[in-house]
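Structure record follows, encoded as structure tokens.
Each chain gets a letter, A, B, C, D, E and F, in the order it is written, and its residues are counted from 1.
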């Protein structure tokens, strides 16, 4: 157990989640002085002393992701210069996680870059959810706890007691994670395989696996513009899937007209977590938000007291 | 002289200056693939090979300063991973330069942080203009060339042959730089000293020095919201200054209603450089923009060929 | 183009590939003094001066992988202390590449560790083939060129003009790379999905996709003990696949009784590259080895002369 | 509060201040074994174990500044190798602080260099007084507490209840700090502006501001050779200042014939702190030394127990 | 005293010493999951949580030294990523310690390399015995405790009360350490000096010093192939030494046919420590093993509780 | 061969050697602006541009060793900030080289510290002579060329054609290097062994080896206060050595009354190199100085043109 005091801070990206964690942790949110000047520059610092304290700071990625990151870098600099003992960053949705490899020549690996910049700015530890690929853990030179919302989704679907269930990966890259959920739910696996046969020919969507007459859960790490999951739902129906199709994803990025696409895709239910704040106007009637606050509060508590995280992650 | 090829790139912050430098350098702008996705994330990489090349990349600070910095970090990562030999960053206006010290407890030193993040992301050298304080050169662990627009302003005012000239620093922190311009112009020096006598009493503007009947040049490193220079102009007139007051500043940040304030302050002339792009709608009839493109093109040429910069800086 | 001389060295792991590259590069192998003492310690250094030279050193992972790595670390130290200008490591099969994520609590990420140790020992650049996951590129703080043998395999199979072809991933984690080969070959995709329904119940092999009456290419990054590809071949035959099943994999690790398993799996043809040396006694009559020597020689040439690699990789 | 023991050490530069701090802290000075060999090399190490202890070591800059720094570097190395938990350097006068920018081409930034060398040698934290510029805080990659003697001087002068008071900066670079003292004392501000009109013409001293009939406090961060403050006193008298001129400065460097100059400048009173030891033979009858020992003892106590410093700095 | 829990781990190199230390420390060995796969790769991680714990891990150099090092690097990575507070490596015999200088052009300094790789992999502290040269302490950027078995040997020989004793260094490089043992035992010193007069002429063994009629202790840091100590014994007898010759060395490396050579050299007694495990079949009737377990257990205890080591080392 | 220009600089420690090297290299000494202020601080920078140049800077250790090091650190900072391509430090006598190990608890390893500080300040390469121990090469994280004056001494003594020659190490720690010179000269070896039998008993000087009737060369890396070599000469004469005793040492440190001691020791000849400047008043009639200028000029030439150093070192 740490003999140092725990101080919990929240950047400006996700106040609702911060409040929920604070209540569960029974620890108030320590005040920050954050301003954005007319010239666009950010000013951010803790109001009270952090000398020798263990700092936990919550910041997630939102639509204003560059501000989120810069605000966090600046906060980290102020914590470091003010003699905080350790700085733990809780970043439920890690921005730029999809840019995790050089897919075409000369691409940056922005996910690795963000990990490096966090380290340089002063982070000692990152707690995050469902990185786009598990391998990104290796992008961090310091400890990272990559939590996963899979068991939250599994609990959600187990209660429904659905027969003839198939977990569907909306593309081949998501197959591994879809397989893991399928294992827990004792479900089958199917994969959407989009191929462009020749250069000027339009993309064709194949289905690898069999969904005929079955109930499908489309499962991905995040939903961004919603295009691929909406197309996937159509493809599944064409292949004879039961019309009740579920959509489950950890990060509700929901850019552009994502909500419109999700509405017209006519899912039975859409399940997200609250790693990204979802604006009220983006909420659909069939949308459920499972909170990660309990898990994060428990993780912070165990990290601070030196207890293992494994029981929290694999209960 | 470097045996390696020079490649000149331009981030999305200041295309006009990039074009001007490219023309003067007689070197085309190498194409970048820069996109901003609906989710807010940036994608940026060079279109062609930079293997073994000396890369010069222009990016300045604008109203969208966090995007400017993040775009640059990502570009630097792509250059570094693509085996560029050396990466020189040309950043005419260095963002966050004013946050250069801990003025109240626990403040970040964001200017130093930006220097550190640039280094981590892959910069080998920075070329910039008129840092807010000279000491910021020491924030960089790698070489920095901190150019100064002072001689451009001196040339501008010398041609006017003004008698009884005073260079006025709009606050005490700018006194040193005002003194330097005054020396070149053989002018006197005056300083605006704003003091808040007691806590609930409003600020009083003192003038240190004498401007009665004299022509004043208000001189600062940048104009942000325009408030302090507008107030300074009023104060000078009250103290009997000649009504022809000039305003000269390197960086035309011009946030919020700066233009409105500048207009009503009724300057004889306002002189900026183009380190920051000034939108057409912000241009006032009495505003002059002196370009730094010639100087930057010469500096890039000398850096690449290993010639000293001193003759360019102190001609 | 580099004005420095190119020196090509070869560690003790793969002399045949070194000879082939040397012949194609028209550059002799510079001699090394490598000894293994009775006490188990390795001694390794260049015989002649490397002062100011660009060093390219070939070392791959074999069955004696810890010796391979330690020998390489020691060589890198000798190059660095002897003032080599740049040290490029050519490591066709990157050891420990499969340990790329924390799959169960407290696992090391040994692939990242190897990248870090290479960097510390003195590597400036790594050239490798088909990392276990693309994301491992982000494990390197310095440039890495992750080549891929996919197009070599595509050329091989295109010539056969097989109809009704399916590329089969032997597990879900390999689905992405299998999809890429399938795209080039205009083939379908299928995936072997191994699931253990309950804890004490034995693993069941599902097939996601349809192979009935079709010719299959089992495709993976490497073959280690051969168990999973042998089982996969059986599963495909049970699902009605054409009995002519091909096996293609970049790295012929072939541990334990891999050859026995491959023999009894009765593949039509087995295609490997020579990133790992295959002992004569391990060669089977139906085994083909495609050499990567041409591609590596071209890559070394282009790196040294500053030409882009893209034309070599995507011809 | 730290559970680790506090050990207080003192380099050879300022025994009197060490004794005063030790008495106030109620903590004995832990013995060091420091020798200077005939060959000029220094030997320095702690006599007793520092394993797991929090080390506070006092060393200031004196006339033998290079020995001071080297002795400190060597001490830091011995602390680090002997497993000290944290090493806090208390350096009341930070040597080379005036070399904080590149004023003419190719100058070193020696203040930044000293910060870097301290970090490399093993310092985790620096506590200092009145750095030559506030921006030097950003030269440190680790936390720095830059204390200021301003409030000590303010208390000193408030008691005198002087009417018509002007705080005078002896050059433009000191204007900012002079303004701050003026604010607290509710005094006016004036600035000495030395200008060399043309190259072969001798320097002219202008006064910016008005001192006629007023009592002046010349105020600077340090007095080195005393020339500029002596000249300033003359200039003030010429401009009609009250003949009672005070001199206040944090660091009594007092090189060369500084005392002679100070004597003949005929100040009413000269006030220094004891950040630099003043030899008895340099003491003048009108010289007052305000000790920083109380403040430093309080700071050490608060740092060690994790209390904020703000109440000590801005009481 | 550390408030953190102590966890003691043992790599696979020396289980007997681990058991002995564990018993003396009254601390069980925390379980590790270590596997060596058929492909030669190692897998290693702690079974239980190490979060916030002080980890002490024992690994020594054996005949399989490259595996020993790689296993340790991988363990260190797993400890670091699992949030261990501090990782202390207990490495009684430090591999590659003899490669401590560039003896012929372009040699690596592998001892320094091992220190660097340990640091990169995650070690915070190394505890070792009798490094080949004292200077190797300076190869570590972090604290190292270089224990010495000299006093254990001194106790052993003092009890024998031998008259006319000479400590003999088997080569000139070992003279310094031999002198130290001689001092404690109040013995004389002699040195074997091997010289090759001309290039094609065979080596000649000179004796520097006088052993006639005296009892000799050949004393070295380690015995590897045993050749040089066996030759030394012959040379001593030729020079008239008493036929009872003792051999004492810290590290019983015993490569190749070392035991055969030691047997035929006919020593009175051979004394080693157990820094390296000696296989039963290598034990000779005249061989004594002095255990370092007591000393190591005491050292671990004092390090963990913050007590000085000096009383343990120089009792 | 480097395409960059070579610039040769000299710190203030050894102008005579700088002149000699400059003449041999046919390269003028580039001017430095070095000042020492009254306050003790040093100011140092190159007068002309070093942009893209390969800088070679000579600085050795003298009696004012702390000034030598600080001046060098400051010069390195100015070179680095002024964009020098590579900075090679030529440090014929490396200060603090004798503090190379922790001989008593808690000692610093100042030689390693100096290597670290040089690296941090900006050195890329060090060229030095006869480090106190060969192992110090491993203290440098960057390439070091540790030249040795042994062959210069060998040439000197070979010409004398002395029969019955013994090379004598003045203490056990110097035995290894004495052995190497003895080998070249085909001489015997003897070693002075100083022992303090009990604590309050005075030191006794033993001689290991036989010098009766032979001509001795006392040989060490340096002569500091001269005490030990003077005592050694007496001891040798008592043991019956030929009265013609030579003294040879690389570094003529000559502190305190070294010259007095050397004079009364009545050596036949004393041979030093000029790695350290010897003041005229310290020259004795029997003192010879062999210059290292030729070797250093050749080394600089070969380093700059990329030629190996081995032929220069082992001709």
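Note that a residue touches a chain if its C-beta (ideal position, glycine included) is under 8 Å from a C-beta of that chain, and two chains touch if they have at least 3 such contacts.
Computed from a predicted model, the values in this text were never measured in an experiment.
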Fewest hops from chain E to chain F - one hop per pair of touching chains = 1
Output for shared partners of chain B and chain C reads A, F
Can we say the copies chain A and chain D touch using the same residue numbers, with more than half in common, or are the two sides different?
-> different
Between A-C, B-C or A-B, which shows the same interface as E-F, counting it as a repeat when over half of the contact pairs match?
-> A-C
Between A-C and D-F, name the chain pair that shares the greater number of C-beta pairs in contact.
-> D-F
Comparing centres built from CA atoms, which chain ends up most distant from chain D?
-> C
Measure off the straight-line distance from the CA centroid of chain B to the CA centroid of chain E, and report it in whole Å.
-> 62
Go ahead and note the Å separation of the Cα centroids belonging to chain B and chain F.
-> 50
Chain F residues counted as touching two or more neighbouring chains = 3, 49, 81-82, 102, 105, 109, 112, 137, 308-310
Which of the chains are touching one another, listed as pairs?
-> A-B, A-C, A-D, A-E, B-C, B-D, B-F, C-E, C-F, D-E, D-F, E-F
Chain B residues touching chain D in their complex are 100-103, 105, 109, 111-112, 133-139, 146, 172-173, 175-176, 179, 182-183, 186, 188-191, 193, 195-197, 206, 208-209, 308-310, 313
Chain F partner, complex, touching residues on chain B are 1-3, 125, 137, 143-144, 302-303, 306-310
Any idea which chain E residues touch chain C in the complex?
-> 37-47, 49-50, 62-67, 69-70, 73-75, 77-78, 81-82, 95-96, 98-99, 102, 105-110, 112-113, 116-117, 120-121, 224-225, 253, 255-256
In the complex with chain E, residue positions of chain D that touch it = 3-5, 48-49, 51-53, 80-83
